[in-house]
Amino acid sequence: MSHHIVEFKDVFFRYPDGTEALKGVNFRITHGESVGVVGANGAGKSTLLQHMNGYLMPTSGKVIIGDLAITGKTRREIRKKVGIVFQNPDDQLFMPTVFDDVAFGPLNLGMDEATVRERVRKALGMVNSLDLQDKPPHHLSCGQKSAVAIASVMAMEPDILAMDEPGANLDPRSRRSLIMLLKTFKHSKIIASHDLDLILDVCERCIVIGGGAVVADGPSAEILSNKGFLEENNLELPLSFQVRS
Amino acid sequence: MTFDTLYFDIGRLDRLSYRDTFVHRLDPRAKVIATMLFLFTVISFPKYEVIALTPFFLYPVLLLTVGEIPVRFMIRKIIVVSPFAVFIGIFNPILDTRTAAVIFGVALSAGWISFLSILMKFALTISAALLLIATTSFPGVCHALRRLGFPALFVSQLLFLYRYLFVLMEEAMRVIRAREMRSFGTRNTGIKVSVRLIGILFLRTVDRAERIYYAMLSRGFQGDIPTLKRSHIALSDLLFLAVMIAYLGAFRFFPITEEIGRVALELF
Amino acid sequence: MHMADALLSPAVGTTLWAGTVAVGGYASKKLKERIDDRMIPLMGVLGAFIFAAQMINFTIPGTGSSGHLGGGMILAIILGPQAAFLVMASVLTVQALFFADGGLLALGCNIWNMGFYPCFLVYPLIYKPLIRDSQNSGRIVAASLVSAIAALQLGAFSVVMETLLSGNSELPFGAFVLLMQPIHLAIGVIEGFVTAGVINYVQSARPELLGNIAAVSSLGAGISLRKVMITFVVLAVIMGGALSWFASTHPDGLEWSIEKVTGKGELREAERGIARVLKGIQEKTAFLPDYGFKPEGNDLKKAEAASAWPGIKAGTSVSGIVGAVIVLGMIVLIGMGIRSFRGRDA
């Protein structure tokens, strides 16, 4: 299907305070691909993600989702297609109970009550959190929160899933179950993370951002094993490639 | 009381409200209405009424026991907020020294009676409010308010406040701990430092609000916060309200307590 | 300081609830017309911020006791009156529920005292004219200080009036005012400095922020003095009307307190009531020669007692006390019964 495509065409972005965050970003992600976005702090990963559903608009260049370029008019349409999972689940889970939170998206799409309930059930089931639905988010553990955050996005049944640091703040076990979960998704996935092992596990392709532009784009296994290149970009080898000295 | 205990107290009260007992299962609307009626009835007794107030302790006691709420915790919470009412009330015995009654040879001034009345009203009203929130989840109360006609904007404020209360309190505690660790026992709690901390907290809060707004937009937010109806008035709710009204009405308008006493005295 | 349910009469409680609901409805309607969606999460999270900020307490110079931020003024300055009022109302609602600060009937009073005054009177009539879009930090301090003091004085005076009109307290007006106003002068000074400090801090750290929020709320600046005054006058008339209606239908509440405030009571009416009550008590105590209210000895004492307790209606008779003990005993038994029943269940 052609509409699960994400394409950045020569995207520039400058913040109102003058910071140049993106300086000509180009890439194209096709249907069903799973892509990791890595880069040092301040390289522009989050800014990049915020372009994917039109929260930020390019100063120049184009972002195309499916066959629509993001504009002020198409933004709403595009937000249905691209689900973004945020770094901090506390920002993402803004409703007072898990159920209300997962139902927020479907309700905004104007679905009727039965469909909404079905969507919520399905999304929570996907992340094994059905029993949490009446709880308030502040009674959940970090792992549970991030699972519910994913469910709240999945309930909208997006074509493309974008995630910002999904593994951050998770204990090893929750992180492992998150990785298993991500592997089961058939969506196009874009994952921005410092957790290079997670990227290596989940994504076959990897884009390295440095100084607001794409500095490398290729198979994860190849890029993430190139020690010299990674260190140049303030990154390091994934732990699984490191030999203990 | 330090704010640390305050924080844990809210958490505890909040957790209690998610229990599953008969009282917890009642529709929040029924409980909100019942609580307001109860408060109004208690407050409507005149200044020197003491005896007729006693039957009203039945309601909090029932909620406490059926709702399985820890008694000591509630009593402690009530005592913590008592200073203002006690402080104002204590002037009554001082200023109103007319002898109102002589009981077993001890003269009782009118001021003491009205002070006692204030204390009883205080215990009743505060426990009713606390028990409402201990037996009804806060989101439940909010939905009840919405459906009782409170403005949507106000109710969504309450929901956001509740959601981020715990998140921000934790953030504040981190800031406070950092201050304590770096003040090396000098209790660096001057206004200047505190103001700065509040300022930092404010900036973080505004940034957080921005991220939340982004999250909301990402999920199709268009200015309204939609929620599904979660509860329906059941027969038990109507029954609860009916019993409540009968109970309040009976003890408000008929001197039942006194009658009981009179009958008892006649018997013995 | 929070007004408490226990000190309140139904008339005063209802009147202030009515006023608060009216202002709240007006504020939400106004906001809904022109609000930027961005404000919705911001307002909610700022409500939580006020709580969190209250956790950061500080030592008040020279006293050793500790204080914390109230919040009304700072919200009004940041969000503008309508939004600030709603946020303050939600903060006080959560306080009433989770901390039992004040109680639910007194919530109307408390929102009025701590929300209406800073947002709708002090902010447009004092803060705005003093600050006049200046970003001078000295000016911010001065304006915040005056505003916070004014808001707290109004709030404290309202607590006095609400308590006295309710008639449950014996405190004379003068003493009460002398008690409350100076305390709140001190609290107001603190509140003013903290408010100014935070505003100035934000101004220096992120100068664009305050302007942005003000632009988004867009109401703060646009509100006209005349409109505020008209609203206030209308509300005052409504409240006055409601109060006098209650006064005529609930004499035991309001007249009592007016007697207290003005000092000239009309006791004749009351005495007639008491005489009747006394007679009743006499009859009741007749077959109980050893107990209670039958004053030991002669009619003279009885007469003394009669004049000594005007206005005290029954409710303290022996059978009343016996009844109360029985009722309380039964309540305790019921409670313990349910407990042990539950205990066996579990």
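Should a chain be cited, it is by its letter among A, B and C, assigned in written order, with residues numbered from 1 in that chain.
Heads up, the rule we're going with is that a contact is a pair of C-beta atoms (placed from the backbone, for glycine too) under 8 Å apart; a residue touches a chain by one contact, two chains touch by 3 or more.
These figures come from a predicted structure and were not determined experimentally.
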item: Chain whose Cα centroid lies at the greatest distance from that of chain A; value: C
item: Between A-B and B-C, the pair with more C-beta contacts; value: B-C
item: Euclidean distance of C-alpha centroids - chain A vs chain C, Å; value: 49
item: Centre distance in Å when chain B and chain C are each reduced to the mean of their C-alpha atoms; value: 15
item: Approximate Å spacing (C-alpha centroids) for the pair chain A, chain B; value: 42
item: Chain B: positions in contact with at least two other chains; value: 14, 138, 159-160, 162-163, 167, 208, 212, 216, 221-222, 225
item: Contacts with two or more other chains, residues of chain A listed in rising order; value: 94
item: Sequence positions of chain C contacting 2 or more other chains; value: 41
item: Chain B-facing residues of chain A, complex; value: 50, 53, 55, 76, 79-80, 83-84, 86, 88, 90-97, 100, 103-105, 107-109, 113, 116-117, 134-139, 152-153, 156
item: Complex contacts: residues of chain B adjacent to chain A; value: 14-15, 18, 137-139, 142, 159-160, 162-163, 166-167, 208, 211-212, 214-222, 225-229
item: Chain C partner contacts - residues on chain B that touch it in the complex; value: 3, 6-7, 9-10, 13-14, 35-36, 39-40, 43-44, 46-52, 54-55, 57-58, 61-62, 64-66, 68, 77-78, 81, 84-85, 88-89, 91-92, 94-96, 98-105, 108, 110-111, 113-114, 117-119, 121-122, 125-126, 128-130, 132-133, 138, 141, 151-154, 156-165, 167-169, 171-173, 175-176, 187, 189-203, 205-206, 208-210, 212-213, 216, 221-223, 225, 255-262, 264-265
item: Contact set on chain C toward chain B in their complex; value: 1-2, 4-10, 13, 24-25, 28-29, 31-32, 35, 37-38, 40-49, 51-61, 66, 69, 86-87, 89-91, 93-94, 96-101, 103-105, 163, 167-172, 190, 193-194, 197-198, 201-202, 205-206, 209, 213, 252, 256, 284, 288, 291-293, 295-296, 304-305, 308-309, 311-328, 331-332, 334-335, 338-339, 342
